[in-house]
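For reference, the structure discussed in these notes is given below.
A, B and C label the chains in the order they appear, each numbered from 1.
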């Protein structure tokens, strides 16, 4: 199901005007215009300065976040909670458990009613749910009276992950998204096309699908080259390639050898190749190890190529890479908090 | 077991003098005098103004609530936690699990010791426990050194639920509880008797028992008509009817047809008729659907009749009723936070 | 395994200079010099004044504690969380469950990676883990970038428990640890040797091992007499006795009769004798009840002898003892919060 097509009413409603974010839901990155992305990323950058200098401020004092997770995700929930607290706010955490076992949902309450009740106590809701489209359904239904932020709905969207990935690339490489040539505070260091390698299981990864689409949408000032490097059975789905193909500045290339893929690359985005994704063990054994990023690969990679990973990682990046300055997956993790601080501040009207 | 009779030492100790609330336990509504109810409800109203204007304040800064739930109740625990945070305080949450499985109680620690330990860190405890009378036992035992608030103990009491229901009726209908004819800020809109329909399973509902008793106790300025509308096997127990019967202003009526019951009513309080409460399926099938509140019922009900429900609801109120302005169950939910803010502020000496 | 011997690089790095604590890990009490202990205990005392007068302050405003427990421990986690909030900070709680089942660790993430990720959001981590040495391993590994506090690692260390026990003895008896004869604000009431009875299961208790060692290390101004009173199969291990034996001011005595042991004692430290620790039921039945502290024992004990217990207790101290002013186990519990406030304030640079 292509959720994008059903989100017509959400397209480009979040712009460079902070007022357009105030009290809005955030269920999909398609809501955010290119200039809206610039606002968000610049706001995230100012949040980083804030945390680095004073740890936070009190702009969200007495504001409460309802953090509602029907699927465990320690780092996403902690990231939103920390974001709220860094801005002086607080949170309620509701652990819906696998399948949604709050005390009320066990009694037969609908998801809509549960969220509507929590809104009585809170100012904004962050919702993760295993069912694709459920967050959108709740947010756009008639019952909701406060903003809902999508923290992942099945194979649907996980917009804040895509946004933190975009922010990381933008920040690490010194890119500019400034579409008007205006007063971006971000010094542009990067020149030439932006070459991004997406590595691993590209078939099942919600993260890489969203990132590919978002990079294509924001490829306005830079030529974009997306290199898909995956085992043959785990290739990037055609619906993503078709979407990316509609953007004139975006070029797509396919690789199976990661050593070739990283030549001249600016970004290596790693995901895990899981044994259980293969039909038979033989196919898995053939590719096992062929997509492990280690010191050897890094020694042949460009000196400015950053290595990203949505985490958690298992063995697809050797720990010996962690001390390489190009390894930025922990900075990427930290950026998640800054981007979520920016989103909460914008939605609660205190950017 | 009639807990009221064993609470002699708690009767009417919480009055219109805020000092009487400071550092007191709250285990039963019988502790609160009629003028004490007025103080509480007026304080809850000022809390609503506070939340609506600034989101909260800092009167409970550096105060900690121990939120201890030996039975899951997402909305009651969240409501207390939010109440604390709206006033600048914080909370510790201890999830005792079904039957009380904290790490210490698994080792054989008594409930009294567990609460006594948490009091070392906190300023006030909210306790929910499945055993009737357990909260009272802990609060009145010799070990406790800080206030304990009852958040439900089995079929015993759940005083804050009854109080938020009373506040909702008082607020929605513009009633006055002012026994002295004094300076109530609440404009009295309601005239004539107060007609309240209690609908559904009246036999097992702790909530409707407590509300009936509390309405009777506060029926000083208004004549009260309580209409019990239930399947024949789920009628209001005689101990409740006997208690209500001791108040001269309270009249009691019995109905089985809800369409008749709502005629001339001011309040329709809905509870769920659960299949598992019936001895045989045939009896359930006979009444199934006869107590479902829908648009059809609402079209024949008085224009000023509010619809309440303690939530969660399943199908006993059709969602088509949600958009009816008379449906006030979500406002009732929000009132829970205001009433709990008032209770915490009074007990912690910062009303 | 004697962890102390492997901690050479940590020995005595935390001194009376608050700067030595700033951004340091705390994995073992061996890190703290005798003058460092004095700084910590004096800071804890000032924390008690703070809580007693205003409830807390805002020195850790916008600071976040990651409270990560791979083993349930309600009171240790609540104590750290309350300590953080009393100083104006906040916390993220990660319940790793038995064996470490966060959503990420289920996917195969290492403990090091999990902590490294949470550090992206927080300023300090408190970690409890069932594997001996795991906290030290994480803290001293190359990945960690923020301070880690050990909240118990298997049979290894639980330094804050030992420190709160030392503080309690120091405070209740009016001892002085002042090694330089300087400006201690603590009036010395105690004279003569300090006689401490350690009672119960001395073989398995991490708590009594740590306390014995810590008392020995701090026995500089007072002669120390440690009386081990245990069933013959649950005696103090020789590695502890050997360690204590290296301190010239520390004398060790063995008892099996607790009535004899308490004669002339200043402290009775009680632990539980558990049935499952015995090889056969007969051996347990023989000693059962021989180590239960009750009013009868207290009547023959010195009038100034305090009774301590790490809690939770089951029946090894009769509840009739609770009202005895010498029973200080709930004060001991409260001291845990003051000591943890002091540790957090020192490590976060705001003592």
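Note that in this section contacts are C-beta pairs under 8 Å (C-beta built on N, C-alpha and C of every residue); 3 or more make two chains touch, one makes a residue touch a chain.
On a predicted model such as this, the values are computed, not experimentally measured, just so you know.
J.: Counting residue numbers used by both copies over all numbers at the interface, does the chain B-chain C contact come out same (over half shared) or different (under half)?
T.: different
J.: Between chain A and chain B, how many degrees of rotation does a Cα superposition need? Round to steps of 5.
T.: That pair's rotation angle lands at 120 degrees.
J.: Once you find the CA centre of chain B and the CA centre of chain C, what distance in Å lies between them?
T.: 42
J.: Residues touching two or more other chains, restricted to chain B: which are they?
T.: If we look for residues of chain B contacting two or more partner chains, we find 90.
J.: In their shared complex, at which residues does chain A touch chain C?
T.: Chain A residues touching chain C: 54-57, 72-75, 78-79, 81-82, 85-86, 88, 90, 311-315, 322-323, 330, 333-334, 336-337.
J.: Which of the residues in chain C end up touching chain A in this complex?
T.: So the residues of chain C in touch with chain A come to 61-64, 66, 90, 92, 94, 102-105, 107-109, 113-114, 116-118, 120-123, 142-143.
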